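Presented sequentially are two complexes of chain A, the first with chain B as partner and the second with chain C.
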Partner chain A sequence: MWTLVKRELSDVVIFLITIQIITITALAISGSYLFEALEDKPYGLPIHMYSILTIGGIILTWLASIFGCYQMQTDKTHKVSTFLCTLAATRQTILLSRIITGLIFTLLPIILTAIMFYIALQFHPRVFDLGQYSTILIKMFFTLTLLAITNYAFGLQLGLSFDKDQKQIDAGKFLLLLTAISLLLIILVYLKGIGLTCWMILLLLSTCSFWLLFNKYTKVPL
Partner chain B sequence: MSERVIEIEHLTKYYDGRCVLDDLCLSIPRGSVYGLLGRNGVGKTTLIRILLGLEPPTRGRVKINQIEPQDLTALDRSKIGYVAEGHNLIQRYKVEKLINLCKDIAINWDNDIFKKLTDLFNIPMQRRVKELSTGMRAQLNLALSLSIDPEILILDDPSLGLDTVVRRQFLELAIEVIQKEGRTILFSSHILSDVERIADHIGILLGGQLVANCTLESLKDRVKKLRIIFSDQPPSTLYLTDVINQKIKHREMTLTIANYNEQKQRLIEAYYPESIDEIPLSLEDIFIECTDPQTVSLSA
Partner chain C sequence: MKLINSKICTLIICFILFLTFLSHIQYIMYDIYLSNGWRHLRHSEFKITPSGLTDDLDEMASINKPSSVSANLNLSNVLNYKAKSSFPYMISQIERASYAVESQFTSTFSYQKNSINPNEYFSKSFDKFHNQFVFSTHQKINNKWKKTNNLYIGPKGSSPKPDSKIGTFKNPLIQLAWMQPESPENSYPIHIIYDYKSKRFYRLDYFDYHINNSELKITEGPTSLAGTPIAFITDDSMPNNVWLHWEQPTRKTNEGLIKPMDDKLNNHLFGYHTLVLLDTGRIAVLDNNTLKWTYAKAAGLTKGRSQPVEPEKLSGYDIMPIFRDQNYFGYAVANLSKSCDLLTINVFDKDGIRVKQDSVARTSHYYGESSIFATRFILSNLRPALLELLSYVVHKDRNANEGLLDILLPTTTIAAEIANSPLEGGYGFFVTFVWSLPGIILSLILAVLVQRNATKIGLTKSDRRYWVLATALLGLIGYIAYRINRPKTKFVTCKQCGDLRNPEDSHCHHCNTSWDLSHLNTPLWRIEQASQKGERIASNPSV
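And then the complex of A and B:
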């Protein structure tokens, strides 16, 4: 299994590094504004922190869906699974290793951001009380994680239906679809608000999507 | 020898409404070399893909090593070597990276065999797979397949695009595998001299069904081509069963017949021909006769 995960990671290493750079750069740019005291505090958070989390979240969830789609699309184009299936690997392990890589891709920037926020909140001279932000931050990061995973699952689904003979048409069509899905999920989060209902919906959507994907992938011709 | 390594029961496969395999039954005993023949598009690759679990069947049951393909575990898969038509490797990888991947995934990797093969083939490690010639890709694919010391080796038209020297090397290696006890090879090829050289069982696919499925000797024994000379114009038909092909030219009738026996010989003699001569048939001749759409079944 680890060999397959390693293979998946090596295939997407550029993608992986790019997203980390984007995340870290965004954080570095925003760092200087982060804790400026403002009157308007959505969810009790300073507006810049809130904006960065929101924009970062939108970008990350969108990228997660593209990443899922890219993984499956590359697999189809290069017939990677077809080859791996003729070695000592089953479809289940191939898919599982792909999902593990996807989760690493999705969770790593969130974890990095969370760690940086934590460090910044602890040591920034103008913010002394981490406690007043911790609950909402945990809730926001958890929602972001679920949102990114759901988007990633949808991306995988869409990538599996990629037709390599219609590469150009599908690439454009899929990009639009993925953007639409990401936007719909973000709207859902805004409408429902960060909380149990929203989490349950996202959890249900991602579970269903992974279950469908598993069923489809284990039966589809490779 | 009686143990069946591959068992196919009433296998049917449709592609876009077109029947590629039609109620096909086949079993391959352990330790045999099975040559699967057929013209382009008759379903040889589809059959192999179904066996490997790469393609689901529309109907029917398939078992490889007594396990249905979708239930094969990694350990079961590690006992099957496969050389795909067109050598389906990960093209964008460097040879070295691909080898390391296969080595890491393999449960039973024989480095000595692999080294011997790569030295013999002189495969450049730093080149990308897509930059290799067809011959080199075939050699690499074969080396990867043989290094896992497979119990079952499936070769789907492996010599396609290979030159004579490489093809000969390829066959010699396949023969080396056969010599190991209990190894089974399923071999599909268009180069019938290759099949004739290594196969002991032959299956000929036509119209989605096996029109021949028996040992090579039996096939050669059962299909006869006769040149019958009559004193006058030959009769339009001899009322024989299992006639594969019949041609009449002046006083001469050329007859290809399956399951030829004494009874059939007596029936022909009842027409008082001047002479009956047997024309020797190679596997290629039999294949051409058998792939005629009017062919009768020669299953064992």
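And then the complex of A and C:
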């Protein structure tokens, strides 16, 4: 399994490095404003934290879906699964290793942001106990994680129906579709708020999506 | 496991995503519909002049401008305020909490008194009401903020340290008020607290605590009101989309300056009384000194009838208490009706007599009215007809601000609007059915299309039945799910009947002719005969 994950990682290493560079650059830029705001207003949480999570979250969820689509599309174009199936690997393990890689891609920027927020709050302790504010942050991070994973699952699914004979048509069409799905999921979070109902719906969507993917991937002719 | 198949998964995904899309567009259209209808209010003078409360002053010869009460709406954000979803409210109202934003987190008050800057808050995590006194405001020492907790307050007393003996308040309503024993210069702050656990009012008296450094005085009021308080009424306390504005009568001095006719007339909480809004819509007048309360004689939130209206049943309201010589003198109240079509102002004096009333209705004649209505109608009919009919039943007696952001049964649909109209039971349901008829017809047409297509591509009988039923019940959602889920096979012409048939099936699903799969038959040279097998084993026994 670990070998398969390593192989998958080597396939998308350029993406992983790029997303980390983008995240770190974005956090460095926004972090300076954040630290300034934390110093100016020593109570509550500055609006910058919400802004970073909202804007960063929207971009990350979109990138996660594109990443999922890219993984499956590369697999189809380069016939990776066809080759791997000739070795001691089942389709289930191949898919699982691919999903693990996707989760690494999705979760790393979220973890980095969480670490930055933690350092910021340690460096500038609040006058009052964080109390409810820390709960909001945890809820926002959790929702963001679920949102990104759901988007990633949809990306994988769309990538699976990629037709290599119509590469250019499909790429444009898929990009539009992925953007639309990402937008819809963001609207869902906006409508339902960052709470239990929203998490349940996102969980249901991601479970259905992964289930469909699993069914399709294990039966599709290679 | 067999139950969770790809058909159900596709249907669930389509159902959630499609309804999310529709709900959001309907929410936007409803916002435009409401805002456009009220736009004329911005240009109109919806004002009661004179207010009727201060006739003695308004009729004086030296009057410059009589008293007035006016109301307005936040037109750019009617629905956002209604749904309490505007940013950053959206962030803070994480789970659409039923309680006010202010009480969800910290309620912070500050004032300057002898260089002391107290900040107090209620911490839900500790279930305690804290009062922190930070003498050096936000002082930073060694790159760390100095934090001092000087006093903890509970219903049974106060303590410099956390102490269980002092008890805890349960999600208290807090109001800062000012007492003026002699003159405004000597005014000092008090906090009036309503505790939901003991159902009492408490007063925190800071006078002796600050001046004489003695213990904080906590006064306990008598128990329970007939209703539950939901807010203290101050000049800006109602977090709604209705704003009420009161102007007191003014006079012109000999020097040409504009001055109030009576300095002791105000709408702030300087005085002996605090007004409290109850969940029944009635208003209680609380004596700040004795903490005894009486009902205000007027009905409270009302359109002029004798029965009060529950705040939850109104889209918006604002109440403006008027005080004269530190005593409760009357109040003005503005209501926005449940369906946002009528804004009313009532002015009551302290004896509960309605002295003035005026109202303004939302206009239905504005630019683009018909196109907005047509869009709303189409969107409502794209939703499953079943949900539309269910909307009528569910939203019949809903609260005004409920369900605007719902995905399944939002209150922004035509059916929900009919449910809130005066149409009664069976007739109302019939009207809803007629409005939903295009949606029902669309669902049936799509179901027929699915039936035809499924027969054509040779789906099994159970699959056909499933998709036809899903499309008939869910309309466009079922159809989209079917189009996504149906097998993407390249069909070939059947040699027998000439119709299209699935090359993967052994028989044509039209004429049941078997399929000559010659290219799939194993060539004879690849089949090992029994004699050949025996020879092979004999020649190489180790294999």
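Going forward, the second predicted complex is superposed on the first by the 203 of 222 C-alpha atoms of A that agree within 3 Å, B and C clash if a C-alpha of one lies under 4 Å from a C-alpha of the other, contacts with A are read in each partner's own complex, and residues count from 1 in each chain.
Just so we're on the same page, contacts are C-beta pairs under 8 Å (C-beta built on N, C-alpha and C of every residue); 3 or more make two chains touch, one makes a residue touch a chain.
Since we're looking at a predicted model, the values are computed, not measured.
K.L.:
Which holds for A:Lys216: it touches chain B only (first), chain C only (second), both, or neither?
P.N.:
Touch partner of A:Lys216: chain C, not chain B.
K.L.:
Who does A:Arg7 touch here: chain B (first), chain C (second), both, or neither?
P.N.:
The answer is first: A:Arg7 touches chain B but not chain C.
K.L.:
Based on the superposed arrangement, let me know which partner A:Thr106 touches: chain B (first), chain C (second), both, or neither?
P.N.:
Neither: A:Thr106 stays clear of chain B and chain C.
K.L.:
Looking at A:Leu84 after the superposition, I want to know if it touches chain B, chain C, both of them or none. Which is it: first, second, both, neither?
P.N.:
The answer is first: A:Leu84 touches chain B but not chain C.
K.L.:
More residues of chain A in touch with chain C or with chain B?
P.N.:
Counting contacted residues of chain A, the larger count belongs to C.
K.L.:
For A:Gln73 in the superposed arrangement: first (chain B), second (chain C), both or neither?
P.N.:
Touch status of A:Gln73: no partner.
K.L.:
Touching A:Thr93 in the superposition: chain B (first), chain C (second), both, neither?
P.N.:
In the superposition, A:Thr93 touches chain B alone.
K.L.:
What does chain C use to touch chain A in their complex?
P.N.:
So the residues of chain C in touch with chain A come to 4-6, 9-10, 12-13, 16-17, 20-21, 23-24, 27, 85, 88, 90-96, 104-106, 108, 119, 121, 123-125, 132, 134, 138, 143-145, 147, 405-407.
K.L.:
Considering the complex alone, what residue numbers of chain A touch chain B?
P.N.:
For this pair, the touching residues of chain A are 3-4, 6-7, 10, 78-80, 82-91, 93, 218-219, 221-222.
K.L.:
Residue numbers of chain B touching chain A in their complex, please.
P.N.:
Checking each residue of chain B against chain A gives 49, 52-56, 70, 72-75, 77-78, 80, 82, 84, 88-92, 97, 101-102, 104-107, 148.
K.L.:
Within their complex, state which residues of chain A touch chain C.
P.N.:
Its residues touching chain C are 42-44, 47, 50, 123-129, 131-133, 136, 139-140, 181, 184-185, 187-188, 190-197, 201, 204-205, 208-209, 211-212, 215-216.
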